Structures are given as C-alpha cells and as structure tokens.
Amino acid sequence: MTAAVQNKTGKPFKRILLTGAAGGLGKVLRERIKPWADVVRLSDVIDMGPAGPGEEIVQCDLADKQAVLALLEGVDAVLHFGGISTEKPFEPIMQANILGVANLYEALHKAGTRRVIFASSNHAIGYHPVTTVLDADSPTRPDSYYGLSKVFGEQIARYYYDRFGIETVCVRIGSSFPEPANKRMMSTYLSYDDLTELLRCSLFAPRVGHTIVYGMSDNDSTWWDNRLASHLGYKPKDSSAKFAHLFPDSSEFPAKDDVTTMYQGGKFLLDGPQY
Amino acid sequence: MTAAVQNKTGKPFKRILLTGAAGGLGKVLRERIKPWADVVRLSDVIDMGPAGPGEEIVQCDLADKQAVLALLEGVDAVLHFGGISTEKPFEPIMQANILGVANLYEALHKAGTRRVIFASSNHAIGYHPVTTVLDADSPTRPDSYYGLSKVFGEQIARYYYDRFGIETVCVRIGSSFPEPANKRMMSTYLSYDDLTELLRCSLFAPRVGHTIVYGMSDNDSTWWDNRLASHLGYKPKDSSAKFAHLFPDSSEFPAKDDVTTMYQGGKFLLDGPQY
Amino acid sequence: MTAAVQNKTGKPFKRILLTGAAGGLGKVLRERIKPWADVVRLSDVIDMGPAGPGEEIVQCDLADKQAVLALLEGVDAVLHFGGISTEKPFEPIMQANILGVANLYEALHKAGTRRVIFASSNHAIGYHPVTTVLDADSPTRPDSYYGLSKVFGEQIARYYYDRFGIETVCVRIGSSFPEPANKRMMSTYLSYDDLTELLRCSLFAPRVGHTIVYGMSDNDSTWWDNRLASHLGYKPKDSSAKFAHLFPDSSEFPAKDDVTTMYQGGKFLLDGPQY
Amino acid sequence: MTAAVQNKTGKPFKRILLTGAAGGLGKVLRERIKPWADVVRLSDVIDMGPAGPGEEIVQCDLADKQAVLALLEGVDAVLHFGGISTEKPFEPIMQANILGVANLYEALHKAGTRRVIFASSNHAIGYHPVTTVLDADSPTRPDSYYGLSKVFGEQIARYYYDRFGIETVCVRIGSSFPEPANKRMMSTYLSYDDLTELLRCSLFAPRVGHTIVYGMSDNDSTWWDNRLASHLGYKPKDSSAKFAHLFPDSSEFPAKDDVTTMYQGGKFLLDGPQY
Amino acid sequence: MTAAVQNKTGKPFKRILLTGAAGGLGKVLRERIKPWADVVRLSDVIDMGPAGPGEEIVQCDLADKQAVLALLEGVDAVLHFGGISTEKPFEPIMQANILGVANLYEALHKAGTRRVIFASSNHAIGYHPVTTVLDADSPTRPDSYYGLSKVFGEQIARYYYDRFGIETVCVRIGSSFPEPANKRMMSTYLSYDDLTELLRCSLFAPRVGHTIVYGMSDNDSTWWDNRLASHLGYKPKDSSAKFAHLFPDSSEFPAKDDVTTMYQGGKFLLDGPQY
Amino acid sequence: MTAAVQNKTGKPFKRILLTGAAGGLGKVLRERIKPWADVVRLSDVIDMGPAGPGEEIVQCDLADKQAVLALLEGVDAVLHFGGISTEKPFEPIMQANILGVANLYEALHKAGTRRVIFASSNHAIGYHPVTTVLDADSPTRPDSYYGLSKVFGEQIARYYYDRFGIETVCVRIGSSFPEPANKRMMSTYLSYDDLTELLRCSLFAPRVGHTIVYGMSDNDSTWWDNRLASHLGYKPKDSSAKFAHLFPDSSEFPAKDDVTTMYQGGKFLLDGPQY
C-alpha cells in the first residue's frame, strides 16, 4: 500500500511532486494539478516565484543526488517534467536528463513513491518517417541528444518497474502549445486540457506497470496509435482541426530530401551534431 | 440453406433456442430477443416459470445427450448461455460446461442448425495482465476451471466450423450487470442494451465463420480491442463513464502482489484450486 | 519543389489531371475537384462532352504512350480513375490498366509531376474472407484480371516511389454509389462526399510516400482497417447505417459454398475466367 | 526446492511417474527413462506385466480422482502419456483425457510435484493446412475430439503454471513409430531416440515455464518451427530422409478436396463425428 | 487427380514442359530434369537445336495465345523459365513476361495441368535493404520493370490457386551461375545442383498451394529466410563459402549513396527507367 | 569512401582502434585482430604494457572528450570494448559507458570513421524470461545500470546511423570465457574463436547499417535467434555442448522466485540497486 491515503481535504494524494515547474508546461500545470493533492511540491533549477496556497517550493538541480533524495521525501507521486527540453550539446543533456532521471528513480525508490508520470517526447521516435504509424511497441529511433535522453528515461523506468515494481507512465508528448505553430503540429498537437486529462488518467489508473502513451489530442491526422495504452482510459476531447484554417490546402510539397518533413521529429533533426 | 425462412409473422427466425434462460443474463434476454423469432425456446436445468406468448419451455440438463438432441430439434439458431457461470470444482464444471457444450454441438449438427452465439467469458483470458491489450488473436490464458471450460467451448466451436461449417460467434463477456460493482468493471462493463445489440449483430451478420469478440460497452478504459471482429458491425452505445462518480480518483494503488488487480480476471483468480 | 505554385486564383494547383473523366466516378468528381486547381484537365477514351469553365478536354487512349506523354505536360497532380473498371478478358485489361498505368508513370516522371492518387480497388484483395480484417500490410489476393491489374498499378507506384520519389496514394475503393445495392455494400460503401474528402486529404497531405488506404465511409460493419494511413487525416462523415432499412435482419444465411459471400470481392469472383 | 535430490544411486530423480505405460510409446519409454530416476512408477488402466528392477506398477484409471491422488504421492516428475490416443466418441475421450488430466494436475499440485512432460499431439493443430508453418504461438485448431482433449491438456497446464508455478513441457508429438507409414509421416516423423532426447531435455532444463514444442526429428520437410522452444536445447539426431526410398517421387497429386492431405492432421480429420 | 500417372518407363510424369529452354538456366536444366518425365517438352522463342531422346521441341512466342494453348496440351507440369530475364523497356517486358504468363495460366487451366514451378526473381523484392531479412510474407518491392513482371507472375499464380486450385511454387531465384561474379552474389548464390534439387522438391511435394521460396544455396550470408517454405523439404547442399577467396576481406566500404550495394537488387536498380 | 585502403602490407585496414584493450576480452583480442590492419591502436584507462609490433598504445579516459578526439585520428574502424563491464553505482557507469560512448561517436564522426563494432551485452535484455526467445527486434529490458548503459550505446549508434550513416554492429555478448562457469552459461557461451569470427564478419560485411546480433556460439540451448543478422554471414563453429559433463542432469529445479534463473540476465539482476 502506498503511504498516501485519502486525506481530510478529500484530495486523493497528500503530496505530488512536479519537477520542471518553471518550464513551459510546468507553468501550465501548476494550477491544474492542485485538485489532486493537498500539497503540490514544485521544483526547478530556476526561480519559480513564491509558493501559493497548497504549494511547496524546492529549488534544486536534479543532477545533485543529495538534493534529489531530499526532494522526494514524503512524495506520493511524481510528474517529472524537469530537465532540458530542447537540443543541446551532450554533456548538459546528460547532467540534466540522464543523471537527473537516474537520481530521481534512486530517490523515489528510497522514498517509497509508487507512481511516476514521465514527460518523454516524440523525439524518442523522431527518426521514423511521417508515413509510418507507430504504437508503444515500435522501436525507438531518437532524433537528437535530447531524444536519446528521453529513451534513457523510458528505459530506466522499465528497469525500476522490473526490479522494484515502481510504475511509470511515459508520455511521449507531441506539441503541447496554445495552438499549432506549423503544419507538422497539426498531427502532433496536444491541447493543455488533453494533457491535463492524460496526466489524470495516468496518475489514477489502478495499475499502469510500464506504459508508453503518445501525448496527442484527437487530431485528424496522426502518426501514432494509442491502442496499447487503452487501459489508461484516456479520451482526448480536443483536436487540431479547429486550427485547420491556419494551414490551408497547398500544393507546395516539401522537397524530396527535406528531412524536417520526412521524419516525425521535424526541425529537431537539424539541431543536433552537425555535418 | 438454413431451414428457417422469413415467416408469416415477419420475424426473421422461426425458432431460436436460449439456453441458461433462468440465469442472470438469460432472464435479461428472455424478452429482448423475442423480436427475432416466432418462437423462443427456453431451456435451463432449473425452473423457468410458465411459458409466455411465443415461448417454449424445455427444462433439461445439458449433460444429458438425449435430452439435448431433442432440445435442438427445429431450432434455427442458438444463444448458448447455459452451464455454470462461476468458479466450482472441476467435475461439475466439466459436466455442465464441457460435456454440455459437446452435446450441444453434436445435437445442432444433427439438427442442421447453422449459427451459434456462445457466451464465452473474459475468464478465458483472465491471466493476462491488465496492462496488456488483447484482441481475438491473443493466446488464451484461463484463470479458473470456469475459464478453462470457456476455452474448451471456443475450441469445439472452432472444430465444428472447420469440420462442418457451423458458424459461431464466441462472445467473451466482460461484466454485464446493471452497473459496475467495482473499479475493475469500469473497464469490463457491458450494458444490457449493448449485449442485446451485440447478439443481434452476431445473429444476423451474413457470415461470421468462427469469430471471437469481446463483450464490452464503449468504456473509456479497456483491455480489449475488437478490431478483428469489425465485420460484425457491432457499435456499442453505452459506456461505463456515467458511473465514474462511483469510483472517484484515488491514490490507493493496489499492493504489488495483489493478483486480483494485476490480472484481467479479477477475483476469479482466487476462487479456483487453492494453495 | 513542385512546379505548381499558389496561383492568382488562390487555388492550390495550377493544373490537375483527372483520367477516366467519362466514367461513373469521373462524372461525379468533375465538378467536385474544381476548387483545387485553376485548370482541371479531363481525359477519357470516350467523349466527355464540351469543356466547361476551368476545364481542358483531352480524349486519349492510355495505351498510346505518345498521347499520354502529351497528356501529362504541365500537370501538377493526377487523379487516375482511367482504364477498365469491370472484369474483362485479359488482353483489354492489360492494354487499358497495365500498359495504361505504365505509360502514365513514365509520362509523369518525365513531366515532373509529384503526386498521384490512384483509384485502386477492393478487388486487389477480394479473395480474402469477409471474416478477415485487413490493413495496408495485408498481402494482396486479387479476385479477377481486373483485380490483378490494380495490384500491378499499386506495385508500379511503389517502384516509382522507391526509384524517383514520386508519391502515390493508392485508394482501394469499396463501393462508391449513391446507395448500397446489396448487403455486401453495407460493409464496402463509400459515399461521394467521403470519396471527395479522401481525395482531398490524399492530395494535400505534405508527404504520403507510397500509401495504401481503403476507400470506405464510416460504416458499422467493415473488413478494413485504415490505421496505417492515419497520417492522411481522412475522417469519413457518412455511414451506410442510414440504408440499413433496405436490408432487414434475416436468417437466410448464404450457402456454405457461396463464394460471392465468403470472400470480400463478392460477385467479381465469378466474372473472371470460368471453370 | 523440489523434494527430489541427488540420490545415493547417482540418478537425478528419486521417482518419476510414467502414465500410459502400456501404450505404444509407454512401452518404448519404459526402459529408456530408467537412467533418470531411482524408481520409475508405471501406471496404466490395463495390465503392464510385472514390475522390473527399479519399477513400481500402479494400475489405475486416471478418471478416478482418489486413485490419481495416491498415484502421485512421492513423485518428483511426470511423463504423462496416459489416456486415449486415437479418435473416439466424446464421452470416453472426456473421461480419459480431460477428467484424467484435470485429476493429474490437482494431484501433482497436492503432491508438490514441480515438472510435467505432457504428451500432447499434432492433432491439437491438425486443421492447419500443410502449407502453413506453425510455431508455438500459432492458434490451436484441433482436428478431432482427441485433438480437442489435447488442447484442453495444454490449457490446464498453462493455468497451473500461471496459478501455482508448476512447469509443463507440452510435446506436440508428430508420428513416433519405427518408420514412417506414409508420405505424410515423412514430415511428422519422430524417431524413438529423438523422442527420448526431447523428454530428457524437457525434464532437465532448469526452467521451462509453460513450453510448447513440436515432437519431430530433423526431417527435410516440416510444417513446424521449434524456434520458440530453443531454450530446451533439443537437437534431433535422426531424420525421415533415410526412409525416402519408401515413397518415391510421384506425380499423383492428391485431389483438390482431399482433406487428409490438405491439412496437417491427416486421416484423423475423417475419424471424428461424421456428416 | 492429375492426368499424369506412373508410366511404363517408371518416370513420375508423362510430360513436363520447360519454357525458356534456350535461356541460361533452361540449358542447364534441359538434361537435369529428364529423370522426372517420359517426355520433356522444350519451348523457347528462339532456336533450341534438335530434339534429343525424350524431348519435344516447340518453338513459340508466349505472347501468342493460340500457340500457348497448343503448347500446354498433354502437359502434366510446367517449369516456367520463359520470358525476358534482364531489364528492358516496359512493352517488351509486358509482352513476354506479363502477357506470356497470363497466356500460360489460361492454357494450363484449360489443359488440366495441376502444378507449376515459376521462375520468379529476387528482383521482385530488390528494393529492400541488404540489412533486412525477408521471408515469404515480406511485401514485394520490385526494383525494375523486370521485377514488376515477376510480381505480376506471382500474383496471377495466387489468383489461379484461389480460383481453380492450380498449385504454383514461385522460386525467387538469387544468382544461379557457375560461381559468384561479385561480393553481392556471395549472399544470393544458387548452385545448379541446388536449383535442380529445389525444382525437384517443388515438383513432387504432395501439396504446395501457392508457395514462395527463395532460390539460394546454404550461403554463410543471406538476406532471405525460407522457414515458411519448409514444407517443401528443400535442403541446399552447396554454399558460396567455397568462393570466399575470390572476394577477400576489404575495408573498401561502399559509398553511403551507392544504391547498388544498399538494396538487395544490386545493379538492376540502375538498369530501369532513368532520371 | 573510407580513408582506409588496401595497404602495402596487404592487410585490409590501415588502423583499427580497440578500446578496452586491457580488459578481459581486450587481452584476448589483442593478437587475434592483428591480421586485419597494419596498425592496431590499443586504448584503455589502465596500463596495457608496452606496444608490440604493429601496435600503438594510447592510455586515455573515454570520459575525456579531448583525449577521445585525439584517439580517433587516423582510425578506419573501431572495436569498442572499453568502459565498465560489471555492475557499479550509476555515476561511474555514466562516466565510462554513457559519456564514453557519446565522446566516441562524436570523435569518430569528426574523424570520418565509417564502421564500429560495439561490445553491447545480454544485460541490455536481461529482464526477459529464459523461456522467451528474443531476436534483434525484441524490446530491450536492461537488468542493471550496466545494462542501461549498453542500451544507451545501442541507441546512440542508431542515432549516428540515421543522422550520419555511420554503421555499427552491436554485439550483445553472452558469456565469453574459456568455458561456461555455470549452467546458465551453457546457453550464453561464446568461444573466443567464435567471438573473433563474429567481429571479422561484422567488420568486413560490405554494409551493416545498424545491426544487432547476439554474441553466442552454436549452443544446444539458446534464448536468442540471430535470423535478423544473417546478412553478416556469421556461422559459429563452437558449442557449449562439449562442456555438458560439467553440469550433469539434475532434478534440483530453481526455486520459483529465484530471479537469477528466471531471467536471462542471471546474477546481474541482484547486483544493481538494492531493496
């Protein structure tokens, strides 16, 4: 049994940890996750502003193991959005995303935490062609050091589940922004409401084992099939279709060798190590 | 060609047999299936009350071959809901569910009946983890003597199709009750209306061969994929979502070794032979 | 980059070619595709009537290579509905559908055309049983010389994509008529609106590579799964369900050896070479 | 840990049970398995002659649960070759092969036995065409009541492994005779030496879980692929090739509708219930 | 039953037809196949020299339907090696290989012939990368007009089997020459003895349905897996390994964009239509 | 084209780099690989003794990027055996095996090296049950931090192939020792001769793309299937069978919950983070 029990407040969790709270999605989620826990512990390496009601602020570097061990104390569940979310040289990626996630799992195992939602990314599979439809069993094909670090995170989650039974939902987030910024995002769009609902499903499904799910809304065009995660009960309510007018029908087909439209990862493919 | 032809009443079948008519689902179906046949023959091993209009009552034990041979005379199609529907020691299960179904197929072959709907069960696959999504091709993993008897029924149906062309739809029924009794049934719920519609589709599809279909409503969370039975044309109208308030979000995760939540079969896993 | 660019008219293409413009679907599409191009070039081997506004009429035989080379000049994209669309002896099928499509690809490669929508057919897979659900990866099993010619067309499209990067969407059209003419077409029905939308998606998706998609509406019963073409973004709006009253529930099951209901191709199976 | 330990004799097991000891293969194995145990307990429903050195004789009916409970006492491992091995009406098959195997598993669970080798049969998959190559994941397609009973045995073995961890190797025996009796057996032949070696591998592999393996020699032509059982370490030494002269090349192809050569089960397909 | 029966000569067939008898492999096979039939009918479009003992010579163009109808009279089985075997413009390929094979099947259906061995080619799958291992279920990816015509042949064979039960073994021949001419052929080599044995197996297996098999010797390196054709009983005896000294270890890796080493089809990829 | 060309010495490569040259397998390989290159550059973090003929000694830490950049200069191909080869806390594993391999790929891309053989490990898939047969497509399931680092290495190799076309063979080495040390190694044994031959095949195959191959001899029992790497042409000559006498048949089955025999990774499963 988890340490967390139904509390006086009637909220399911006593304390949830949100890492990366000062990041793009962290700021979106900060308020939205409050109904799920008495206390939301927020962490980031940069300033997060003052703690609001029901919040605890812990500024810390995920690469600092002692800090992470302390960070997890008393935490019932984790939403791991921390680390670097764009392409960078390998060493900072490694510190933030590889050492960071390793510290996190070591700490949550010690703390007895039982459930993690890991913000993975479509860049873990970004070198698949856009004409290939993937599911959770498809092989990973990272498109960047960033994507490599996400594959690593999914694999350490697999290991901690096999070894200790700690459950993780790896959410391969598509493009979670107020609206699609280009035609590619018509396929990868994930609205904030759907993201929140997907996190809720992932957090409260009785058992998730090691689940991989694609973070996307109910878009008309998609490259991903969530059939193998249907035990989560996630049903997106939004669709990129309402933004279709932004990208009218066009005959300007991409050049044959334009890798940014050939592969699912888009522009990330050109951001990593160079020729 | 089947003996049954469009009758003066305008109902498609002359005579349908419903076995297990005094059971839980048998009582639900007794009225609902009347539009499909001039005569509904009802059978059970226990009392079914008096025959209503358009009904024939035949009390009989499916383990009694002579009785079953008589039971099938003049029957155009069978809804086989008879037998034991909970876990029991092996010998009664064998008599009612294994010998019973063998007698049934022998009799319907003799009678020239061409179509069977077999009430199979999710317990034929109950030892699959709840994080695994199954379809009709997934290997069976029975969770009880009861589940074993359902696998047997599906296999004898396969054999009679290969040998004689008798068509069967094996419906792996989830949880068909007025409402879900626990969180597990949010995933396995099958409303009575959807059950009736699934039977209708299975009965009137021109060809079904040997089809396996999961009996579930359009629930948010599911462990089963009916893609391979899409030739049946079954579209569920209900969902367990309307009962979600009965099982609010909770952090009380099941214990790591709680097999009743680890596997799809739920509590049945503990009802069979004991350690 | 394709030669076609956004024009003064604001229509995406400068010139689309529709072959088979005098055929059943050609006539349906003639008006519907006009919003996509300044000029719609129409071709057929028979008379197509006078050219309307924004139309060019080119009567030609696809088996005539020189004529086809000329036909493709200045064409940005092709909707290939030309050729024979019923079962015939092999030689005319070969001239119209095999030599015709080979000439077409040779010509569009020369012309620099980049996108083709090929009207393939369910008869490319018509010898699969109606109880088998197919997707784009299922092996072809043609049911006629006509079906064989469609498999050939899909394969030459595959070859020109591998060799030259010319993209084709092969639409395995089910039954595109005002309404289903028999029970089989309840499963294979494709409304004219859905056909048009599927062509639009296929034409304007940024990349399609070599895509196979089944041309069907959102029917209750289906034998085909379009999951692997979900990058196209095609969402059918119609369903054959509204015609269900035409084919009421019936117990008249097809005879065991009635191949026209056993296999997906229906009556075509009896139209080819005879015993 | 199993009760069996290395004994004074140096034989690995203290006591192995061979059921069906008076049957065709039982008689072949009686001597061959002696090196594996201090005591070989032999059982059959018919007379087995007097006990030789290192033998215990227990005549008993597997359908008699009390007798089977007694039979398993002190048994470390089971080679289950008992029951009916040809096609019969359903009820005797059920008594001997279904009730018999259910009694066996109940008894060996009570006795603490940890390893079973179950003589299953190719007739569990006999309705697959001879042009289809099967492995352990292929769906079962029994060709007879006998085949159905073997599927049941494999499934109860699966259940007892999932429920209690009792390990079974299900050997789908092909044709184990001194030599092939017809052309079909050139594909299904299993020499006595290879059978013995396969039993040895199955008995002494440290872990087998629930393994399905095809019992065949290294024949030139085969319908079965043992790749998924390669953890057993079984390498056949014999081949039916040495009997090729018995069945010279011939142009007498079987008739198109000759089911005994169309399907893997051969003549068994005609031995079950009749038209 | 086939018309062919065991003859006075003791040879299995009365008459086998070998098309393409004047081609490279035709000349190799002319003597080797004599033990299988009283009469070997040889056909080609060019001169084949005088008829030897047990030979009938019929010069004819496979594109001439009447000639082909006559050619098949009295023929029990066909080895179809006729047609064009290198890359050419489409129209001659179509006449020889597409119309030719269509005429052949129409004629053998009329003649009651029951078994065909079709010399297909690795060029039916030549656009698969050399690092992908294929089996009979892999999708075709022709690398040339020639390869396209071989796919057509395999598909018409599939159709005639589904429609009329005529059995064909499609042999996707690798490189059948006295010795490998380049490093690629170390993977695709098929010795003449192994070719002959593969034809023998294909001709005399009791049932072959529609079988696809890769024509290769037991080479160390291979791109193809014949597991799904193991019912044929083909066991190659030769290997390209004995020619390894011709192609010593080298560090001269092919250029990244050298398609002739990237794809299985080798130099054929550059022989078809040009940029 | 690679910089390496056939040299005056007649050896294929000018310079091969062997990392981990002071490790267990490094010492085995040091002499064995000399026939392949004029110069073998040896590197390790510890002392490797003096350079022999045709050797260059470069002591360096793979976590030191500048050192690694220098190490790769003038190198035509790499055998990457460096790093930590047992379970350790995460940070040293990360430095040696994750940062080390990232530095290596960055350096070899800069140096223009075209071929890498990466000593991966069965511990990348060690959490699969021993009753499951894996191939190159099976999902990774690391059994330790060490195993995680090997998965990372395989993935960065995948990335550099997708991004730059650098080819890697990832050899998932089983147990490469003079002889098997326990029963598990009877399944995972790789003789030194077979290891050498596998490296030779991997180094000299014209194209390998991103290949995963299991490093094992031709053992009787195996958990791995190298079918998907058959383009390498690796045929093992040795077998663990000659050591069978060391591990005689025994009835001492492992306890049901003994994870070291339940999963392929063996004792490594208990060496990582502890409960």
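First chain written, first letter: the chains are A, B, C, D, E and F, and each begins at residue 1.
We adopt the following convention: a contact is a pair of C-beta atoms (placed from the backbone, for glycine too) under 8 Å apart; a residue touches a chain by one contact, two chains touch by 3 or more.
This is a predicted model, so every value here is computed, not measured.
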Notebook entry, point to check: By label order, what chains touch chain C and chain F together?
Noted result: A, E
Check: Shared touching chains for chain A and chain F?
Finding: none
Notebook entry, point to check: What is the distance in Å between the mean C-alpha positions of chain A and chain C?
Noted result: 41
Check: Approximately how many whole Å separate the CA-defined centres of chain B and chain E?
Finding: 51
Next item on the list: Spell out, as numbers or ranges, the residues of chain E touching 2 or more other chains.
Entry: none
Check: What chain-chain pairs meet the touch criterion?
Finding: A-B, A-C, A-F, B-C, B-D, C-E, D-E, D-F, E-F
Notebook entry, point to check: For chain E, which residues count as touching chain D in their complex?
Noted result: 1-2, 4-6, 12-14, 36, 76-77, 114-115, 165, 167, 200-201, 203-211, 227-235
Notebook entry, point to check: In the complex formed with chain D, which residues of chain F make contact?
Noted result: 129-131, 133, 183-184, 186-187, 219-223, 225, 248-256, 261-262
Item checked: Residue numbers on chain E that touch chain C, as the complex places them -> 90-91, 94, 98-99, 102, 106, 109, 127, 137, 139-145, 147-148, 151-152, 155-156, 158-159, 162-164, 269, 272-273, 275
